[in-house]
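Take a look at the following structure, please.
By letter and in written order, the chains are A, B and C; residue numbering begins at 1 in each of them.
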Amino acid sequence: MDTVIHTDKLTKRFGDFIAANEITFEVYQGEIFGFLGANGAGKTTAMRMLCGLSTPSSGTATIAGFDIYKETEKIKKNIGYMSQKFSLYEDLTVLENIRFFGGIYGLSDKQIKEKSGQLIESLGMKGEAKKMVGSLPLGWKQKLSFSVAILHEPKIVFLDEPTGGVDPVTRRQFWDLIYEAAGNGITVFVTTHYMDEAEYCNRISMMVDGEIKALDTPAKLKQRYSAISMDEVFYELARGAKRSE
Amino acid sequence: MNNISIFIKKEFLHVFRDRKTLLMLFGLPIVQIILFGFALTNEIKNAKIVVCDYAKDAASKQIIGKLQASQQFEIQNALLSHNQIEAAFKNGKIKMAIIFPANFNNDLLHQNKAQVQLITDASDPNTATTISGYASQILMDYQNELMQLQNLPYQIHTEMRMIYNPELKAAVNFVPGVMSLILLLVCVLMTSVAIVKEKEIGTMEILLVSPFNPFLVIVSKAVPYLALSLINLTVILLLSVFVLGMPINGSVLLLYAVSTLFIITALSLGLLISNSTASQQAAMLISLMGMLVPSILFTGFMFPLENMPYPLQLVSHIIPAKWYYIIVKSIMVKGLGFSAIWKETLILLGMTLVLLVVNIKKFKIRLT
Amino acid sequence: MRTLKFLLHKEFKQIFRNKALLPMLFVVPIMQLLILPLAADYEIKNINITVVDYDHSTYSQKLISKIIASGYFKLANYAKGFNGAFDDIENDRADLILEIPQGFERNLIREDEQQLYIAVNAINGVKASLGGTYLNRIIADYNADVRVEWVQMPRFHLFPTIETVSANWFNPTMNYRFYMVPGILALLVTMIGAYMCALNIVKEKEVGTIEQINVTPIKKYQFILGKLIPFWLIGVVVFSIGLFGIGWLVYGIVPIGSLFLLYAYLSVYLIAVLGLGLLISTYAETQQQAMSIAFFFMMIFILMSGLFTPIDSMPKWAYVMTQFSPITYFIEVMRMIVLKGSEFSDVKIHFLIMIGFAVFLNGWAIYNYKKTS
């Protein structure tokens, strides 16, 4: 299997505070990689380093084969990102957002047209294509946001708590989209709070106090901590945490 | 009441945690007072002029000496040709040219009449009028000196007294103006954003579903700015007394009381903007683009209101800063009591009430 | 280039969709330009005068009518005594008191000499000294009239007189609006450029969309150009409406100098101002901060720009400060080209300085604009 993310002792310090401490792991192509941890464990910090939004204090990493320090611009062409905060333009329509993000990733007009047609079709948003994104319900926004993040067929897509505040049905649909993307060979790197969602991942890592405390498939983790559910695994690991809110 | 204090505490935290904004809010009055106190003046000093002296005789030299000695003028190198003068005007090097014709002294002594030509750059008419006035004054003084030698009959002397500001300091006029301007703009600007911001982020709904009177929730947003403005007022007053040497001739207590009223007027105006707009951007643009320059002009401390066309004088009536400016002048400079300012105070009070009522009305509409 | 096209497309859509923004961009500046020049008249006229005439003689009456006829003064009140007149000053009904003592006419004839008393409200020092000067001049004139009447001597050139002949170049009718319109227009264009640019970028920061932009392969310069170009264009459009629509049509100000030169300067100036907005946006986290920072500097720039008060009168240190404000130069160049027809050679230095501002402000902003933290 190809390695698409490789990190070695990646660290981020803010003054005295070590937000992420010597994180080392690998993610393989086509994998759905879950990144778990309590609030403040350092998930978002780690993810922002991988996306090139934040420069690491020390350690090394390659994303899609590119160096995280020197080749951030190349990395950006090969990744998609969906942040915790909803970040499409609310004062643009669905179509306009698709066209804009397609355009800045260098898709041709023909590709944009094709893709936006497909995308709107598959999301069942035909009636909403010309509506302002700001007027859509949250669940639709999230699905749209995800679809836009993989519009340019990146090697990896980073999702930062993509299903926060969304109802169970929409969450289910959202995960269908994730599976579909993974089926198309896109590696999915996702942080989440929901332990049932953790079960959907191929492998998961658990972060506690800025360090990775466990990394394996959900089944093996449950076995190791002799737990019935991921919930229990999480409690077991997070219990000793100092920073949880 | 206890509940309200919780809200007010929260608002104080918001305001005092944003260091950058706070720095600007406190920095502004200090910088302004210093600028107005020391740098800005309507008076014209050091105006660059040229003198073309075709006469080069005793009289022209004496007059040039007087021009040189005056603070108003800074005489540049002499230019001789007409074209050179025009070029100097065009690149902005000079504001006025004074031309003495040949035989100036001769004409003056023997024909009792001589001419001087003043050419001004009237693209700036205010300066042009003022400096040609100064120059004429100097010429007149010279002429009077000549007359004095002849011991004239029937002399009328005038004795002039400058009331309130014998040294004619610009600060005496500007400080009340700056106070009005700063208090108004800071209050309007900050409150206009405060509420819209909560609307935009969505926290306003949380506040509105809380069991307290929503209007009080809104009013509590204004309280930190009232406190901040009173601090600003104190800073301005201290600076003007100790740095600019301005007197406070009237009652300080009265000054604070009326200032508090004015601040509340401004805060209500800010709340109104906040209540009428949907985004921070809109609120800020209204208070910045819409209010900054008009307040500078219509307060009346820079340009005389009585010179404005009548409709604009009417417009100036609705600017609260104008009334406050009159009040501050009366208390600080003229040392008058409440009996002199009750009318202006009443107007401010009326404005505040109207603004508050409109605010409440608007607010209720929003709730239903 | 293609990326830029998409960025521009998006910005324009957002700007023209924002119903609150458009009037602020176009209507408010135009309205202000229409009204404000009328309000910025500094000419000292309509000075209110209260007269206390203890003499009640023909000659005191003559003096009073001469003062009123001059056109500078408006008779506010005839007061019975000085205390009554002082009330007028306290209430701002009068700016100036003229007191004519009892026996004015008689003393003038018998003793060849008489005193008049003037009291001026000097809170506004300039107005006071000018008012006083005018009044003195009128009294001196009156004095000369009286002398001519009583002395019965040859009327002409009894005493040496210096006659001043004034010529008012570039604006012979001394219309102050000619002066204010270009200045206020310069100011409005500046405010639009700096505020809009700063607020727009900070808004993306606050909402979080900038994060999304930062993970895309958009280059720093592309993003910045995508922001600068729309506001640059809006600046040019507002300027043109102001110059032709208001300045020319309403106020009848026909630019004397080269329009090409004027627009060339505007282009460079707008880049500098937008750079300032950009710079502010890199230091501000929230729109509120951006606005207070912008407000702070704008206020200082406006006051120091020479728009309302003359720069030459400032003390040395303040004069030096004004040279660090781009607005100062633009207002000056506007007035030079529009009113005086100055040519490129006259504003060469201004051009160089403005290019310097543009490079410096934008350079600093770009340096400070971080895609990563």
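As a working rule, a residue touches a chain if its C-beta (ideal position, glycine included) is under 8 Å from a C-beta of that chain, and two chains touch if they have at least 3 such contacts.
All values derive from a computational prediction rather than experimental measurement.
Asker: Using the touch definition from the top, list the chains contacting both subunit A and subunit C.
Answerer: none
Asker: Count the C-beta pairs in contact for every pair of chains, then give the pair with the highest total.
Answerer: B-C
Asker: Just curious, how far off is subunit B from subunit A if you go by their C-alpha centres, in Å?
Answerer: 56
Asker: Whole-Å distance, subunit B centre to subunit C centre, using C-alpha means?
Answerer: 12
Asker: For subunit C, give me the residues that contact two or more of the other chains.
Answerer: Touching at least two other chains: 18.
Asker: Would you mind listing the residues of subunit A that make contact with two or more other chains?
Answerer: none
Asker: Could you please specify the touching residues of subunit C with respect to subunit B in the complex?
Answerer: Residues of subunit C touching subunit B: 18, 20-21, 24, 28-29, 32, 35-36, 38-46, 48, 89-92, 108-109, 112-130, 132-133, 135-137, 139-140, 142-143, 146-147, 150-151, 157-172, 174-176, 178-179, 184, 187-188, 191-192, 195, 199, 203, 283-289, 291-296, 298-300, 302-304, 308-310, 312-315, 317-318, 321, 332, 335-336, 339-343, 345-347.
Asker: If we count contacts the way the header does, which residues on subunit C are in touch with subunit A in the complex?
Answerer: 2-3, 5-7, 9-10, 13-14, 17-18, 207-209, 211-219, 371-373
Asker: Which bits of subunit B are touching subunit C when the two form their complex?
Answerer: 18, 20-21, 24-25, 27-28, 31-32, 35-36, 38-48, 74, 86, 89-92, 95, 108-109, 111-130, 132-133, 135-137, 139-140, 142-143, 146-147, 150, 152-166, 168-170, 172-173, 185, 189-190, 193, 197, 277-282, 284-286, 288-290, 292-294, 296-298, 301-304, 306-309, 312, 315-316, 326, 329-330, 333-334, 336, 340
Asker: Which positions of subunit A touch subunit C when the two form their complex?
Answerer: Touch list, subunit A to subunit C: 48, 51-55, 72-73, 76-77, 79-81, 83, 85-92, 96, 99-101, 103-106, 158.
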